[in-house]
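Look at the two complexes coming up: chain A is in both, with chain B in one and chain C in the other.
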Partner chain A sequence: MSGQVSAPPSERTSRLRGGLTQSWLPRGGSAAGRSAAGGPAPRRRSTAASRRTTRTGLLLIAPALLFVTAFALIPLGFGVYISLTNWPLVGPYHFIGLANYTALVHNSVFLQSILFTLKYTAIVTVPILVIGYALAVFVRANRPGSTVFRTMIFVPYIVGLVAESFMAVVELQPDSGTVNFVLAKFGIAKVSTAWLVHTGLALTAISVLVIWFASGLTMMLLMAGMQGIPVELYESARVDGASWWGAERRITIPLLRRSIALSLIISVVGSFLAFNQFFIMTDGGPGTSTESVVMAIYQTAFADFNVGLASAMSIVLIVVVGLITFVQFRYLQGDAD
Partner chain B sequence: MISPLAGRSGKRRPRLLAVLGAAALLAAACGGSSGSSSSQSTKDFGVNATGTVHFWARQATDGPAKALVAAFNATHKNLKVVLHLTPPNDDTSQLATAIRAGSVPDVVGLNDIDVPTFSHENALMNLTKYIDALPYKSSLSPGHLKLATFNGQDYGLPYLADLSVLWYNKKLFKEAGLNPDDPPTSYAQIVADAKKITALGHGIYGFSFAGDCQGCLGFTMLPSLWAGGQHLINGPLGTQTANVANDAPLKTMLAAYRTMWAGHMTPVADQTQNGLTWGADFEAGKVGILPGDYGFAAKFTTKAQQAEYADAPLPAVNGGGYSTFDGGDDFVIPAGAPNASGAWEFIKWALEPQQQAKYPSEGMTPIRSDVLTPSFAATNPYDAIALRALAKGSVEYTLAYDAVFNEPGSPWFKMFEDAVYNGNMTAALQEGQSGISSTLASVKG
Partner chain C sequence: MAAAVHDRAAQRSAAPRQRRSGLVWYLIAGVAISAVFVLPLLWEVFRSLQPESAVSNPPSAASFTHLTFGNYKTLLSGQADILRNVINSLIVGVLTAILTSLVALLAGYGFALFRFRFSGLAFGVVLLAFMIPFQAVLTPLFLELHFLHLLNSLIGLALFYTTFNLPVGVFVMRNSFLQVPGEMVDAAQIDGASVLRTLASVYRPLVMPGIATTALFAFLFSWTEFLGALSFLTNDGLFTLPVALSNVETGTYGSVNYGLLLAGAVIAMIPCIVVYIALQRFYVRGLVSGALKG
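Take a look at the complex of A and B:
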């Protein structure tokens, strides 16, 4: 370990800036380190040290690398292979090249599910961000009661969408669900409104549920980011006569860019991979009008027993989600550095 | 309860994939071998077996499975049965995954409509000679056996029957001026009776159905077509055709549903009834007629209830016959099962009259018609109706049953929605014809 400090200070600093773990580097350094600190170390030793560092680094990330290889990369590669076959749920299979992919171009169920998922993502993303932001503003200060409030808003996320979807199914029943009785009092819906069997109503109900469920997570992410902004910035802004909104717009939002990017990416990826709420609340119906992409994949694999085609659909979904996430990264973080 | 309801640098990578593919193929091949047990002599097979039998049953029909396993283990010292319940919607995928992995259970209680999917892929043990040796073979439910038969060979045998019947409320019949001992025998009569019962008011409805449960609708509506000699799907596998647009009884039945829905003779909540609380309105005494599951009988335990709630066979649409959906499970032994002999011993024991007679108390119907004795009928009046219908029961024999009927976006359900809720009868039938035809064409048989 002592060899780690034998590098010249300049190299060491640059390595630290590069993000290597600085905490385990001895501050005072060993005798060798101290003696080397005065002047440039021989080049050979530096290279050897660098190699050792690389080796240590590789060793440290090896478990994660192995894990990702075994549980993500190999299955993904195998998934690509399956997508090139006619793989049924049971029985023999054979290689069919890109036939599954070309079939997808004409697969109306798949194309419709992509369009529907895009529509759903477009509907829920902005409200989750705006409501999450507003809630974060509300709970970021350590006022009395803010911890209770934070917990209350975050609880839906902890409880989970599966349990909440089942609750929603019960409460949205015509003639017996609480939602209709409450809404009927305000003249918004009838007691007999059947939410989950009409496309528009079902999408509205599911979107409201998901916004309620996910805003808490966005609130936590943004609140953590807000609490990391030095309070001095706000103090000097106030001295300069900045309004609340001025400080929010010129200090909070620019410094929160990374947190906003993170919560947006999590929210968009989550919407693209939505399954539970649709599976439980509408089962994709009426017809296939509320069938998300992941549901379409599930149906193809386990109801139609066509695992090959379902794998091709999954690979296309991975590429689409990857592209959207990449664009978001570029757009939201592009000039942050 | 609802049986027919039921959802993956250069040249080195291809070589790796090929190795993985070969490994999977090998696993499949191992699982696909017929296993040593199939060559065992009929005499020794399933006699004094030892060890453990892994039995997979569906959670949807867990009652008899739990009771059978408990009773078997209590009376057999050398052979132990371990039960594993497969969750709804995952019965087939769990079994398929096990077959792919080459690690199969010894015996499976498989939803009978799913058996062809596995028998057609040689994934099941051929049980023909063992079934032929059973003295009561002719008493076994023909519908259940048909689904397990492929190319003249039997790959499974009936395990339990989960049958559809027509429930009706005698008390409401009487109040509406109808004869409580004269249940409807055609759809015209169903509509007429439902109208009179609805007229009673006070939240009473003449008719009810599980309007968002695709499987429930097939389970209760198809028998009324079969009773008149019609099937929606005809012809041998691979070249099957759909008979929808020109099926007059189907049109009549859908029109009857439309009349009752549009005429408010059914609860509004029927449109969102996905099967979870199916029959609850009837059990609460609020509904006159309900095509449903025999299993509802388990709720009617008191004398007063039994005097009020009665079951009848599902009538042909235009009268003159009756039928039932041969729902429920078949016993199958996956190819390569480690303890096939033990599995067969368990199956034979489960099919003995003594065990069969206990099925009604678990909400299921026996699968042997010779169980229907006068004393059985006296003890189980509800089940006697179902068991009598079993002889006339049928199924739609197709590899595409789930895709055509059970899936939420299935062509059968789209047709039902459009005809009943939207009232577009002609368009619905045409949609059904083309949807079912294209689904049949897309399934490789």
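Take a look at the complex of A and C:
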């Protein structure tokens, strides 16, 4: 993220020069870049003028800072504080140190929800990436129809998983849902298959739904990256006699690392924070076998009223999600950027 | 970027004969793939027009001919008064879109065109909200909103949505301002126009696409959000559409009625599709700017 903070000068200069990549210019921004981004500040910087610039700048960003502080940072800090107490939803509370965290180690519901969420993430991540990549290859060319196909493939993502989960609930019902009647025609399932009351079947159905829902987003992100790759690279690869797959492997995939990293992070973090589809389609059942981490937190806070414990779970979740993001970013980006 | 794509397409057209049959296959494949993603949703629209008895029983010949708006009529009137929830969702969505684009517009302007102390730090703070998953601060936020008397309030919900849409919004708006040619900035400066005046007169036409992108993202986020609305609203009359539908699903309004549930889900789906098709240029722009710079 620190790269973004120092990005504006070089970004701006490269845009003005009609450049494709930011890497042409040194990261920190050249002297020319700095003055270009100086904006309305006069060239001869008197202290009074720069003080005025500072004041105006701060005033402009103040509302955004206020929102983020009030509804993201304070809750985060408050969450850490609550996690060190035995806070019930109503009534007095005491500090109990790290007792909530040590209790989590033995909390079977929480541990099971972590395992289940990991399993779910492992199942959906690769199909979303592979299908998304294949779709991106399909729609990236400026051929007749490709824009329409892009739009169509992206529709499930736009509609959102919540509405689609409600539809899936109806269509996965035994003896009336469309899914069973279609699958029965191919001999894959029986008309009476009750998808949502068996752990394995429910996980299968939800995974298929999510892969269908999320592939379009990966497609869009990867397609944007692919279109930024200079055509000359493919031309020279063709001259060298590279096959389609050879060019894909040697040019597209390495140059797409950033976009792949981004779409993987979005998809893995999204899976880790999954709630809607499980709450709507199985309500965590049978038992708590399809309860995701966020669902476990929700239940602990709003059904068991154990706010302290729920906050400890949340802090663990933030750390885990942060680590996943960091590792994937590091691993896929390398030191190239 | 568009030129590069065009070049690539031009190369492919080198062999005209191959191209013609290749194109036919491309279109066939494209229609088939599109069908996989769109047909299930179209099928649900059709299903929502079947009476409840057809939705909850094995399909028969009759269930394909007796189409009716009955589910919609029941849903939008009488006991399951979904219309109110649709209006709640619209209020929260529009409020979130307006707040997010206004706050992001100012912040993007400040971050892009004013170099000042702490601006890097401040930008980092705004992006932090991007790193904090809102799902993980739900409990403390619940208590905080309670203290602020913003629990069970559509305004409170909109403030919460605005916060978590700001990182993307600020990012998009900052990029919009960075694209304004430097000469225009200097010209405005020489004219001696005030900061807000410059924003209104010089930049407004140039950053409108960015505002459209930000507002669109914020609206769609708000319209489809479920967990926050489920946690922060406990009064039936204030439920947004997704929360109301989860009540239909569990049968709070009498017995479970899958016909109503389908019709409700279709009502939730339609604004997304309409808004996306109408403004997809801006949506894709936002995604791409996030993808390339993110």
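Criterion: the second predicted complex is superposed on the first by the 267 of 337 C-alpha atoms of A that agree within 3 Å, B and C clash if a C-alpha of one lies under 4 Å from a C-alpha of the other, contacts with A are read in each partner's own complex, and residues count from 1 in each chain.
Just so it is clear, a residue touches a chain if its C-beta (ideal position, glycine included) is under 8 Å from a C-beta of that chain, and two chains touch if they have at least 3 such contacts.
Quick caveat: nothing in here was measured; it's all calculated off a predicted structure.
*Asks:* Output check: A:Leu221 vs chain B and chain C. Expected answer is one of first, second, both, neither. What do you get?
*Replies:* Once the two structures are laid over each other on A, A:Leu221 reaches chain C alone.
*Asks:* Of the two partners chain B and chain C, which one touches more residues belonging to chain A?
*Replies:* Of chain B and chain C, the partner in contact with more residues of chain A is C.
*Asks:* Counting only touches as set out at the top, which of chain B and chain C does A:Thr102 meet: first, second, both, neither?
*Replies:* neither
*Asks:* Please indicate which partner A:Ile297 is in contact with in the superposed arrangement: first for chain B, second for chain C, both, or neither.
*Replies:* Both partners, chain B and chain C.
*Asks:* In the superposed arrangement, which partner chain does A:Met167 touch: chain B (first), chain C (second), both, or neither?
*Replies:* Touch partner of A:Met167: chain C, not chain B.
*Asks:* Scan A:Thr151 for contacts with chain B and chain C and give back first, second, both or neither.
*Replies:* After superposition on chain A, A:Thr151 lies in contact with chain C alone.
*Asks:* Which of the two partners, first being chain B and second being chain C, lies in contact with A:Leu317: first, second, both, or neither?
*Replies:* second
*Asks:* Is A:Ser176 touching the first partner chain B, the second partner chain C, both, or neither of them?
*Replies:* In the superposition, A:Ser176 contacts both chain B and chain C.
*Asks:* Can A:Phe78 be said to touch chain B (first), chain C (second), both, or neither?
*Replies:* In the superposition, A:Phe78 touches chain B and chain C alike.
*Asks:* I'd like to know which partner A:Ser236 touches here: chain B for first, chain C for second, both or neither.
*Replies:* Once the two structures are laid over each other on A, A:Ser236 reaches no partner at all.
*Asks:* Which chain A residues are contacted by chain C in one complex and by chain B in the other?
*Replies:* Common to the two interfaces on chain A: residues 74, 78-79, 82, 173, 175-176, 275-276, 279, 294, 297-298, 301-302, 307, 310-311, 314.
*Asks:* Which residues of chain B touch chain A in the complex?
*Replies:* 7-8, 13, 16-17, 20-21, 25, 28, 32, 89-90, 92-93, 96, 99-100, 117-118, 120-123, 212, 267-269, 271-272, 274, 402-403, 406-409, 413-414, 417, 443-444
*Asks:* Which of the residues in chain C end up touching chain A in this complex?
*Replies:* Spelled out, the residues of chain C in touch with chain A are 1-2, 4-9, 11-12, 23, 26-27, 29-30, 33-34, 36-38, 40-41, 43-44, 47, 55-59, 102-104, 106-107, 109-120, 122-129, 131-144, 159-160, 162-164, 166, 170, 174, 178-179, 181-182, 185-186, 188-189, 195, 198, 220, 223-227, 230-231, 242, 245-246, 249, 258, 261-262, 264-266, 268-269, 272-273, 276-277, 280, 283-284, 287-288, 291-294.
*Asks:* If we count contacts the way the header does, which residues on chain A are in touch with chain C in the complex?
*Replies:* Interface residues on chain A, with respect to chain C: 1-2, 4-8, 11-12, 15-16, 20, 34, 36-42, 50, 53-54, 56-61, 63-65, 67-76, 78-79, 82, 135, 138-146, 148-149, 151-156, 158-164, 166-167, 169-171, 173, 175-176, 178, 181, 191, 212, 216, 220-221, 224-225, 227-231, 234-235, 258-259, 262, 269, 273, 275-276, 279-280, 294, 297-298, 301-302, 307, 310-311, 314-315, 317-318, 321-322, 325.
*Asks:* For chain A, which residues are in contact with chain B within the complex?
*Replies:* Residues of chain A touching chain B: 74, 77-82, 85, 88-92, 109, 173-176, 192, 194-197, 274-276, 278-279, 282-288, 291-292, 294-299, 301-305, 307, 310-311, 314.
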